[in-house]
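Provided herewith is a single structure, encoded as structure tokens, for subsequent inquiry.
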């Protein structure tokens, strides 16, 4: 199974072009669209979003991930990660830093080979998709294994990011705001605050009075902010990347 | 075949998470995305939209339907319906009321078993998708059959809704407004009016002068409102749920 | 393989309805969503977009293409084109004019048979999808072969359009603006100008200073306009169809 996590948007050509490559190189492999509206150009926000959503996919799943503002530059290197039996392919810009940190003994490979056709702006199609297809076929990653680079103090991008991120990392279609905080990492007495507004915790939407903002553990374990029968993004004036304050009660 | 009808939006994670469950529990079953922008939080509007679109799907098709503002509350019960040889799985909040009413001898089941993992906010993934997969595998629905509850005078949600709904139930990408009225239920002399504006009937877009609003029978039998080479939603100032007046000519 | 190129939008019912037909008539054929946000109601802009994206699909691929403001009118005829080993099915409104012009010896068929069920507004589902499925099954196109009609001076729509179109034909999710100009058709000294603003050429986003507009050869060979870490559509006030001026340096 190949799982797509990108900021490309579904309707434009990019996802379809990637799927054409996957179909050619790994025919019959199921392809699941997980996110195509991951935080555009924001690998840090995207890293916490990705890490929250991988747990329910089976061992052997290959995540093809592209949030890649540095595409085509020399500094940004392509990488493969193996963590908890799942594979990750994409730019080494921090996108896999949180998935790797939460795993026992992750493995890293630097992809050094370059395909014959490599556009300057679409490595998702030209570089990452063929590697994802190869992994989905059960082959080993190309490139050089460099596990040491994921040890503490390494210079891998994202190695200095926190374990949980007290910021807004995603808005869903309903205007619910996901934070980079795992609900399980918050203690019972702690409360959340955004834009100067303290938020009570609720179990589900219908437990909160209509119109009142609250926070809850979403279905993937993240602390998320919502308004019952309303939109949290509009009601609270929230934007992607906004800080979330954790207060000890 | 499993057909998805939700208000989740395609790009976010929810549809992909559901598809991962379907792939795990009913591998190889084709999955069709019908609507992921069904009227959010509006089971009544959604019920008329769903009923208009099921007829072209084959016998045995399983509709996994989620428009579910009451998710996680005790009052809202999960249900399975069988109508005209097709299956429906989702919340019993009226979403299936119109499909069932238009069918000969629909059957109802209350889903009483709960899966091991049941989040408070995502029953589409945790509860409805496994049941849909089970039906797609050819097995019987879980739970208790309660056909009597769909008889007239039952307390099933939606049992008091009209046969056709004189309101706007959906806007497509072109700004065309679908109503909850079947064109076949309107008599030849009747005209439609929205926002104080009477609308003539046309057969297709190019039969109306550019810029002029009209109504037509859309490709699924609903009376819909459009503007040739324009957007009816903007030109007429329409909103979801707006009333449509049927005038005898 | 069947490739979809439409202006229907992904979330509404139209694409799902088409896929249900394809699944029924050509079960097992892979279906790729290429564009569902092609320029709505604009066959000319769409023709240059389509032509830029077909080259990477394999021989035998069937493109089901619907940008069809004249649906249901008598003047607009349905057509099948074979060009460079690929098939195209859709309205003969110019949509295939550029693909055919860039091919050696394209073949044209007029689809004259009409299916039993033919709605006035959704020929994508009722007419084009069954033909695409038939081609995907390896059968010959229905209808009358009329290659002579694609010769210079024919009255096929689009026969008088230019080889490259100096206009904006598409915005992607990032606000990048694609033009109808192939980068390879521009000479080294030429520069592009939009809205009175001259644009320098860059190889990739990270080669341009943040905030500065530039043009580049996109991953499908089109000249496209972008702003590094910004949105070209907003920064330059661009709209679909806007003219692009090519200046000799």
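As written, the chains take the letters A, B and C, and residue 1 is the first residue of each chain.
In this section, contacts are C-beta pairs under 8 Å (C-beta built on N, C-alpha and C of every residue); 3 or more make two chains touch, one makes a residue touch a chain.
All values reported here derive from a predicted model rather than from experimental measurement.
Shared contact partners of chain A and chain C are B.
Rotation angle, chain A onto chain B, C-alpha superposition: 120 degrees, expressed as a multiple of 5. Centre-to-centre spacing of chain B and chain C amounts to 32 Å, using the average Cα coordinate of each chain. Shown for chain B are the residues in touch with two or more other chains, namely 9-10. Against chain C, the residues of chain B that register as touching in their complex are 1, 3, 9-10, 30, 32-37, 53, 56-58, 170, 172-174, 203-207, 216-220, 229. Note for the complex: chain B touches chain A at residues 7-17, 19-20, 23-24, 40-41, 69-73, 119-122, 125-126.
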